[in-house]
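Two complexes follow with subunit A in common, the first pairing it with subunit B and the second with subunit C.
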Partner chain A sequence: MSRRRVDWTTVALIAIAIVATLSASAVPNWIRYLGQQAVSTALASVGVMVLLRAGLLSFGQGLFYFVGGFAVALLNRYAAISDAFVIVVVSAASAGLMAAALGAFLAGYRGIFFSMLTLAVSMVMFGIAIKVRLFGGSDGLNIGLMSYFGYRPRGSEGQWFSFVFCIWTWTAFAIATNIFLGSRFGRLVQAVADNELRVEFLGYSVKKVVYVAYVVAGILAGVGGAMAGLSARHVDAQFAYWTTAGDFIFVVLLSGQASVISPAVGAFALEALRSYASALFPDQWQSVFGGIMLAIVLFLPAGLDRLAVLAWRRAQNLRFRRGRLSAQESRL
Partner chain B sequence: MTELLQCLAVQRRFGDFVATKGIDLSVRRGEIVGIIGANGAGKTTLLNIVSGYLKPTAGRVMFRGVDVTGLPPRALVRQGIARSFQVPQLFGSCTALENMMIAQSLLVEPRSSLRRRFSDKALIDQAQRVLGAYGIAEHAGAVVANIPQGVRKLLDIAMATCASPDLVLLDEPTSGVSADEKDGLVSRLIGRFGGTSCAVVFIEHDMDIVRDYASRVIALYDGQIIADGDVGDVFNNSDVARFITGAVDAARSEDRHASD
Partner chain C sequence: MGTLSAILVDAAAFSAWLFLVAVGLTLVFGVLRLLNIAHGAFYSVGAYVGVYAIGASVSIGWGTALQLGAAAVAAIAAGALIGVLAERCVLTRLYGHPEPLVLIATYALFLVLDDLTKMVWGGQSLYATQPRDNLGQISIGGLQYPVYDIALIAVSLMVALAVWYTLNRTRIGHCVTAVVVDSEISAAMGINVGRIKLGTFTVGAALGALAGALTAPKIAVSSGMGVEVIVIAFAVVVVGGLGSISGAVLGAVIIGLARSVTVHLIPEVEVFSVYLVMAGVLAVRPFGLLPPARARRI
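What follows is the complex of A and B.
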């Protein structure tokens, strides 16, 4: 068996999760809550990133965020299931099924048609959700306390558990997505964006690649929605509204697409901005958003993670140069 | 069964324009067929139909004796029809090596291996070997958007044919390649596919290349075959001289100069 190269993304993800878990009890409640919101948004944004790698911009990921969130609420309400693990699995499966059904129809579209259709489907869901009793109308639904393998923590302990659960769920799904993107099939996602004709002439169906990418993105958004729901202990129709999907796109633009970790940075920035900016300038906080967006597009179009990529390359260059220097010295 | 490919009255219409007007041809294993013809004669349309990119409006295409009319490219590729493009079709954001790796992961490796890691040592080595065989290994690490046209052309062909196909269709393999590179490129390709059970069909504008490398020539004019046979016979055909090679015009103008 050949030795496998260390995957630094996986290492970093696990390191982040361990640090977050250990420091969780040392930080105030609101920061933990911010973290939960951030990883929920981040996971859905990872899905947007997967689709963007295939050259597709989805304005409708809010739909799967909604499906995931309401799967939690409905299971909790009508089936009296409160186990967080069961709930996340069911949310992922429902969002995945929804994406599998819609994908069959959407995978044939590209560009603006794809974007507009995803937006339309998501807004149809919003329109239904806001009218239907089952989904709590515009008030939404409350969600009870979660339990973890039969243990149901309460109060601030419950909050600690839900934070740690969200962090590790994000880590697990981010690692899985990283493996997916690093596989030969995952590489086809990017190949489709580059040249569909060539993929077809290499004997593979472009539609299949797009379909799988769409389902993966749907599952990620579904799990994100489930985490958002069980963190806030409340879900509403707003999950399916197009601005929710807009947030995910904002996050990916802000953070870049170099790695599955990147969206977490953007998502944290977004959630922090949302809570600070709305407190500091309640009426203008969205123009702060716009300003940041403009700055990114003008000065750092590849996103914030470009800075990390450049730093990494520089470090490797230095190491390389130092290696060469010492080789020269030893020759002398 | 020696007929590898058969086109039976293949016709393709674009609105009022008929690009190929009932073409009949057959290609046997081991043949190296050059297709010549002026712009608009229907050469690429014919290749597009055989490779599944276009569906014929009438007629049938048989491959290894089986009717494959109207099958999509990906099905035909899996049956052993490889095709290269006049304008290289590559994955522009990837390096030459990655392009080759993607091609091999789809064409050479079994489907189930798509679940495996992309940057796998065996896949890298294998791709590097093919690049070496085509003499373009030095460009392996370069993003294909930045490499010379001749190399892109070779890479396009190398990707298309990496699964040892039965029929290789090359659309103008030497277009966009500098004059002194042309011979090397074609001899490399013929060296690889010539003398095997595989057949090569290539479209070419450079008559010297056709004369030197083709074992048979098909001349197209206005969507029809006007000559099909040995290289010598086709080039001596008066229609071919008049419509394609321009030899008669040249001879006539020489006469005129002589009489002046």
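What follows is the complex of A and C.
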């Protein structure tokens, strides 16, 4: 039994990225854009999922989405940096620093305290953002074309590059998060939700676990915001608004928390729903959004990926039983 | 001297409003152990119903007192109706579920209700300033204040007194207190816990709607006003101690005072004053100033 188990999540993530890259030039532009929006939302939602595994519901991830998005815009505008790789690293770092600073205060709170304090912090940020000229007020800021290692593609080639870049960034950060969650420290995140006192008695600091989870979630939301910014080539204060954080919660609720891939499914569903919403029910968006949330909470609180997990287990059980049967037969 | 009296009167008026907004929230938390984000939607429903009731009573020629009475009654009825529906259809199925899930459910309720107000009353701002204009101005310490705002202080005190009296001096209030302390033992003693929860939630919703209706003459009633209300009401409740009525009074007074002081003396930080007070209190006392006693979780 010394054979290392294959991590199917990583395999699946890389497979998705390769398929997306290969088919990128074959699909119409609007689907690619939808995909970019979806992976941006998905990455931020992975952060919400990490926190939710610790039993914490953050209503303030929009704040880091905002930080990430505006890191792109400000670097692009004032430092004339357009390299996508540099920009994503800086966005991740600035969101991470912001989370590290806020986390020192917020990591001591649980439950509704945590939820409402994160909401309050992001509302303060939104209040500042729409007033300050640096952030472009309520109009937001435009972002120029990105370059990749010195190469600056234009037109449809630029769109292709931007799509592929977003997909692989999402893959990289999702794999990193998966490794984090699978590590000993990452497993403590779940343990905190189950029983804090026992975690303390095992010799770990609950506050440290929550703090690290918060910073990880912040970084993920920051990168998500950066990708959303460079895809739309525009960022505005709306990023920090509470509805943005609500989107991430919706995604995690819809797709469930079984794996870091799950939010991508929910995010794609959300973006697709949103793009059809303006045609089908322009004025009832919130009701539909809230109605779906209520339906999931009431009837499938574990999320849609629960169904996938159940099917997977059923298949494994079947295989296991068949294996045992054939072993018995050979013995007879 | 003028500034001092202005600060105090403003603080009293603002505190009164804060208490009205927060009392329903803390009551529901105390009994049901859930933070009702939909409270912000009850507030905006109340405000819209209030505007509508005032408009209707103005057009049939009722006086100021009747206008306000109509607004209050209509808002309480609407809030109670929505409260009963929300509790029966959604929340009653979720008692005992993990906290984040319940929070998400009330958030979803908030979104739906907020959207419904938009659908029913449209997106533009509505006004119902007649009662406030009719009541005129009063001079305190050389400054003019609308009588309406001062009267709200009295209304707020009356609500506080009524809630206190109901909880401490009536049979139903004692049952509610028993459910707060231990719902299982209460059930064993023959209290219908489900009905107490339903009743509390309904009263909480009605109080939220009443706060909206009483605020309506002071503001432009528009969609999206519920969010700020829920955050500020949470701040009040948290400063005082979640689930405690006297805590809500204390929280309202402290935050009202803090905001009034900053508005008059350092207006730049006015936006943050509420959050700063909340952060400061929570940093020193994580469960607020007057938290109800709670058992340690093992």
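As a working rule, the second predicted complex is superposed on the first by the 325 of 332 C-alpha atoms of A that agree within 3 Å, B and C clash if a C-alpha of one lies under 4 Å from a C-alpha of the other, contacts with A are read in each partner's own complex, and residues count from 1 in each chain.
Quick note on the criterion: contacts are C-beta pairs under 8 Å (C-beta built on N, C-alpha and C of every residue); 3 or more make two chains touch, one makes a residue touch a chain.
As the structure is a computational prediction, the values presented were derived from the model and not from experiment.
*Asks:* With everything superposed onto subunit A, say whether subunit B and subunit C fit together or clash.
*Replies:* fit
*Asks:* Applying the document's definition of touch, where does A:Ile249 land relative to subunit B and subunit C: first, second, both, or neither?
*Replies:* second
*Asks:* Applying the touch criterion given at the start, work out whether A:Leu294 contacts subunit B, subunit C, both or neither, answering first, second, both or neither.
*Replies:* The answer is second: A:Leu294 touches subunit C but not subunit B.
*Asks:* For A:Ala191, using the defined touch cut-off, is the partner it touches subunit B, subunit C, both, or neither? Pick first, second, both or neither.
*Replies:* first
*Asks:* Counting only touches as set out at the top, which of subunit B and subunit C does A:Ala258 meet: first, second, both, neither?
*Replies:* neither
*Asks:* One more residue to check, A:Ile130. First (subunit B), second (subunit C), both or neither?
*Replies:* Neither partner.
*Asks:* Based on the superposed arrangement, let me know which partner A:Leu56 touches: subunit B (first), subunit C (second), both, or neither?
*Replies:* second
*Asks:* If you stack the two complexes on chain A, which partner ends up touching A:Phe201: first (subunit B), second (subunit C), both, or neither?
*Replies:* It touches subunit B, and subunit C stays clear.
*Asks:* By residue count, which of the two partners contacts subunit A more extensively, subunit B or subunit C?
*Replies:* C
*Asks:* Please indicate which partner A:Ser183 is in contact with in the superposed arrangement: first for subunit B, second for subunit C, both, or neither.
*Replies:* In the superposition, A:Ser183 touches subunit B alone.
*Asks:* Would you give the minimum C-alpha distance from subunit B to subunit C, in Å, for the three-chain superposition?
*Replies:* After superposing on chain A, subunit B and subunit C come no closer than 6 Å at C-alpha.
*Asks:* Across the two complexes, find the residues of subunit A that touch subunit B and also touch subunit C.
*Replies:* Overlap of subunit B and subunit C footprints on subunit A: residues 197.
*Asks:* Can you list the subunit C residues touching subunit A in their complex?
*Replies:* For subunit C paired with subunit A, touching residues are 35, 90, 93-94, 97-101, 103-105, 107-112, 114-116, 118-119, 227-228, 231, 234-235, 238, 242, 271-272, 275, 278-279, 282-283, 286, 297-298.
*Asks:* Can you name the residues of subunit A that touch subunit B in the complex?
*Replies:* Going by the criterion above, the answer is residues 2, 5, 182-188, 190-191, 193-195, 197-205.
*Asks:* Taking the complex as given, what residues does subunit A use to touch subunit C?
*Replies:* The touching residues are 52, 55-57, 59, 105, 108-109, 111-113, 115-117, 119-121, 123-124, 127, 197, 242, 246, 249, 253, 283-287, 289-291, 293-294, 297-298, 301.
*Asks:* Applying the document's contact rule, which stretches of subunit B touch subunit A when the two form their complex?
*Replies:* 51, 72-74, 77-78, 83, 85, 89-94, 98, 101-103, 105-107, 109, 113-119, 121, 123, 159-160
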